[in-house]
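Sharing a structure with you now.
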Amino acid sequence: MHMADALIVPTVAGTMYAASAAAAVYSVKKVRQEDDAKKIPVMGVMGAFVFAAQMINFTIPGTGSSGHLCGGMLISAILGPYAGFLAMIGVLFIQCILFADGGLLAFGCNVWNMAFYGCFAGALLIWKNIMKNGVTRKKIIAASVIGCVATMQLGAFSVTLETLASGVSALPFTAFVSVMQPIHLAIGLAEGCITAAVLVFVYQARPSLLWGIGTADEDQAKGSKGRLSYRSMLAVIAAAAAVTAGGLSVAASSFPDGLEWSMEKVAGSSELEADGGVYEAAQQIQDMTAVLPDYSFKDTDTVLGTSFSGIAGGIAVMGLCIGCSCLFRFFKRRNVKNSH
Amino acid sequence: MDDMYIKIDSLSFAYGRYEPVLENISFCAKAGESIGLVGANGAGKSTLLKLIVGLELDYQGQLCVAGMRMEKKNLPKIREKTGYVFQDSESQLFMPTVYDDVAFGPYNYGLSGQQVQQRANEALEQVGALHLKDRPACSLSGGQKKLVSIATVLAMQPEAILMDEPSAALDPGNRRNLIRLLNSFGQLKLIASHDLDFILDTCERTLLIAGGRIVRDGPAEQILTDRELLESCGLELPLSLYGNRVRAGQTAEPAG
Amino acid sequence: MSNVNNAVREVRRISAMAQQDKWLNRVHPLAKLGVTVLYIALAVSYTANEGIGLLGMSVYPITLFVAGDISAADSLKRLRAVLILVCAVGILNPFLDTRPAGHIGSITVSAGVVSMLLLAFKGVLSVLAAYLLMATTTVEKLCSGLYSLHMPKLLVTVILLTYRYITLLMEEAGRLQQAYALRAPGQRGIRPAAWGSLAGSLLLRSMDRAETVYESMCLRGFNGAFRVSAGRMRWSDLLYMIFWAVLLVLVRLFIFQ
């Protein structure tokens, strides 16, 4: 489910960065309020655990395929939504910069799709609700499966939206959704079962580790306050979802390049001019200075013209590469000399 | 008795509501002494060390370290003067690089940048690991990790150093190195181990612990050569006292 | 079964590479991060009808691979996963969008093919750029750079701790899996009966580890966050950033339009 940089345009990336950053800031605030220094090493090490556990192959009986743990739901069932969310950000960040899983630009999307839903929706809406009147084995199983399936569906839906808003796929919305959701239903079910198995094991071995068990008494002591925060949390999540969806569509429409293509299909017209002075000015300068003006894949281009400009462009790029390399080599040599 | 650095009187401790791990422990330790805590697995050695640095506070009895009673408000001061080397170096080395790790303690105790640097470099120099300064902890060998984790404690310039199984998982060369290093320290040393040869080489005094109680307290040579006593506590004579006979397949008897 | 061990080896290799003392490694992490993000943003902003211009963007990875003495062969392995994902999304484009977009010789190329190729090329370039960043910048330097951009200290601390313990826990997961495989010949993964206990015991051990880490932090006066400090930006770092920013924007705007 890792989004790649190539699948999104910068505006969508920016929107999702903003949404994820807001959730992260809120979580940092919440964790700081708890003021439990012990939570910090636990978050770090649990992040590393999720990282490691994601690499274990679990056989899905009867299918011959293997399932994996994604971890958002699992980690927030142990650490709670806020600390869990931050730990998941750590996991995704390290995956991003050590394995290039999910791109730098898509990092905001990935945090939102995989960590936000798993931790906030999974823990606050599902786990907390199901565990309200005490914890049992069955409830853990139910919460894990429902939580994983639901958060996986939300995540997959977001991936669909983000990809479509970026306009990189020719698939119509309905087709995309009808491919994405069932696949992730299966993945979610497998993950739910694995998560349930792990949490049940933890429940039997060391129940105090589970989130909500140690704090259940406190919540009851707080009484209605706990319920209120739950309800307000629901509102926050709904608002966040609405803002994100709105933000995405605004982002997409303010950046016509991305959606242009799908619009074209819908409206049957290709005339969606980018307005704005900057674009026009850039266009003018381009026309004057481009290596070969008016170069594009157009029917009117002659074969000769196409190949000629292709060759010329190739030479230009090669020249640029060689020039840059020489420049850096020169600086490097100077640098070495200076340091000696 | 006031020059005693650690004063313990009828100390008992249990984890939660479980069976007590330590019962009625009493002993004192002077500054500069080197004491070995020996006992079989689960005898309570590690728990005793953890109590002395205040990782567990729910004890009964008297426990004073560096002239202060062991309680929450004294913890920062006690811990500044008492270093603890964990059995598992991985847990002790949590910072990105060796240097960051060694500087972690001094920095947190509010020393200036220059002092922190000086302390860290000195500590690394002392254990002979200055060349590892910029390496990440995960790239070190087992022996190097142990040396560096000792340096993290030395950088705090403690008056007492507590060690939990320092020789575990070390090869013979690293082990010998460690013995030489420990013998060069002037601080009070409290070493918990069931590597009796190691204790024999590093400690003058030994506390023999079994079933959560101190069974014997005395000179290391005396306790560690008492075969009957050791065997009754689930331990065996140090190998060095067997001579070559174990290898020859003969019945083991102390050489000394 | 060996994917855990491969991953551990990969983490070690990348970390070792990032720690080398080459000129590109010495460039300030924020300068490199800034250039990388700008580069990826510019590269993915190309649309189907200016697609060929994307070729011009390859100047950045090629230059750095050559001038930075970084082996390009290793980076190619990274491309596999991304290409699969990107192709999965774009594979239907040629079938769905059959409008002619141009000719190569006498063959007509449809817009769908162009957009699919464009997508794949964007994928390659963005992964190469990310690889160049991670091969020359350590996680801790990147974190300290982000800290100076006001990323919360708490988050930086958590990331550093996760980074510190991933190899350790991955090795542990690998050992568990090996121990399982040795006594369950012919099985490709972990059977459901052992799901909970295998991953669960790894979890409990991780919690124990977190406990000792916490103890060892407390003993040395831990007060809630690590100290992180990014080095100063030097003139040469600034120059590096400006050079690439200007060049890349120029390439984006003027080459091959």
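Letters A, B and C name the chains as they come in the text, with residue numbers starting at 1 for each one.
Everything that follows uses one rule, which is that a residue touches a chain if its C-beta (ideal position, glycine included) is under 8 Å from a C-beta of that chain, and two chains touch if they have at least 3 such contacts.
This one's a predicted model, so the numbers in the text were calculated from it and none came from an experiment.
Asks: With chains as vertices and touches as edges, which is it: line, ring, star, complete or other?
Replies: Line.
Asks: Grab the C-alpha centre of each chain and report whichever is closest to the global C-alpha centre.
Replies: C
Asks: CA centre of subunit A versus CA centre of subunit B: separation in Å?
Replies: Distance between chain centres, rounded to whole Å: 47 Å.
Asks: Quick one: subunit B and subunit C, Cα centre-to-centre, how many Å?
Replies: Those two chain centres are 42 Å apart.
Asks: With chain centres defined as C-alpha means, what is the inter-centre distance between subunit A and subunit C in Å?
Replies: 14
Asks: Going by the touch rule set out above, which residues of subunit B reach two or more other chains?
Replies: Subunit B, residues with two or more chain partners: 94.
Asks: At least two other chains touched by the same residue of subunit C: list those residues.
Replies: Residues 15, 139, 160-161, 163-165, 168, 209, 213, 217-218, 222-223 of subunit C touch two or more partner chains.
Asks: Specify, in ascending order, the residues of subunit A that touch 2 or more different other chains.
Replies: 41
Asks: Please give the residue numbers of subunit C that touch subunit B in the complex, ascending.
Replies: Within the complex, subunit C touches subunit B at residues 12, 15-16, 19, 138-140, 160-161, 163-165, 167-168, 209, 212-213, 215-223, 226-227.
Asks: Residues of subunit B touching subunit C in their complex?
Replies: 50, 53, 55, 76, 79-80, 83-84, 86, 88, 90-92, 94-97, 100, 104-105, 107-109, 134, 136-139, 152, 156
Asks: Mind listing the subunit C positions that touch subunit A in their complex?
Replies: Residues 1, 3-4, 7, 10-11, 14-15, 23, 36-37, 40-41, 43-45, 47-52, 55-56, 58-59, 62-63, 66-68, 78, 81-82, 85-86, 89-90, 92-93, 96-97, 100-106, 109, 112, 114-115, 119-120, 122-123, 126-127, 129-131, 133-134, 139, 142, 152, 154-155, 157-166, 168-170, 172-174, 176-177, 187-192, 195-204, 206-207, 209-210, 213-214, 217-218, 222-225, 236, 247, 251, 253-257.
Asks: Can you check the complex and tell me which residues of subunit A touch subunit C?
Replies: The contact residues of subunit A facing subunit C are 2, 4-10, 13, 24-25, 28, 31-32, 37-38, 40-49, 51-53, 55-59, 61, 64, 66, 69, 78, 86-87, 89-91, 93-94, 96-101, 103-105, 163, 167-171, 193-194, 196-202, 205-206, 209, 257-258, 260-261, 265, 282, 285-286, 289-293, 295-299, 301, 303, 306, 310, 313-314, 316-317, 320-321, 324-325, 328-329, 331-332, 335-336.
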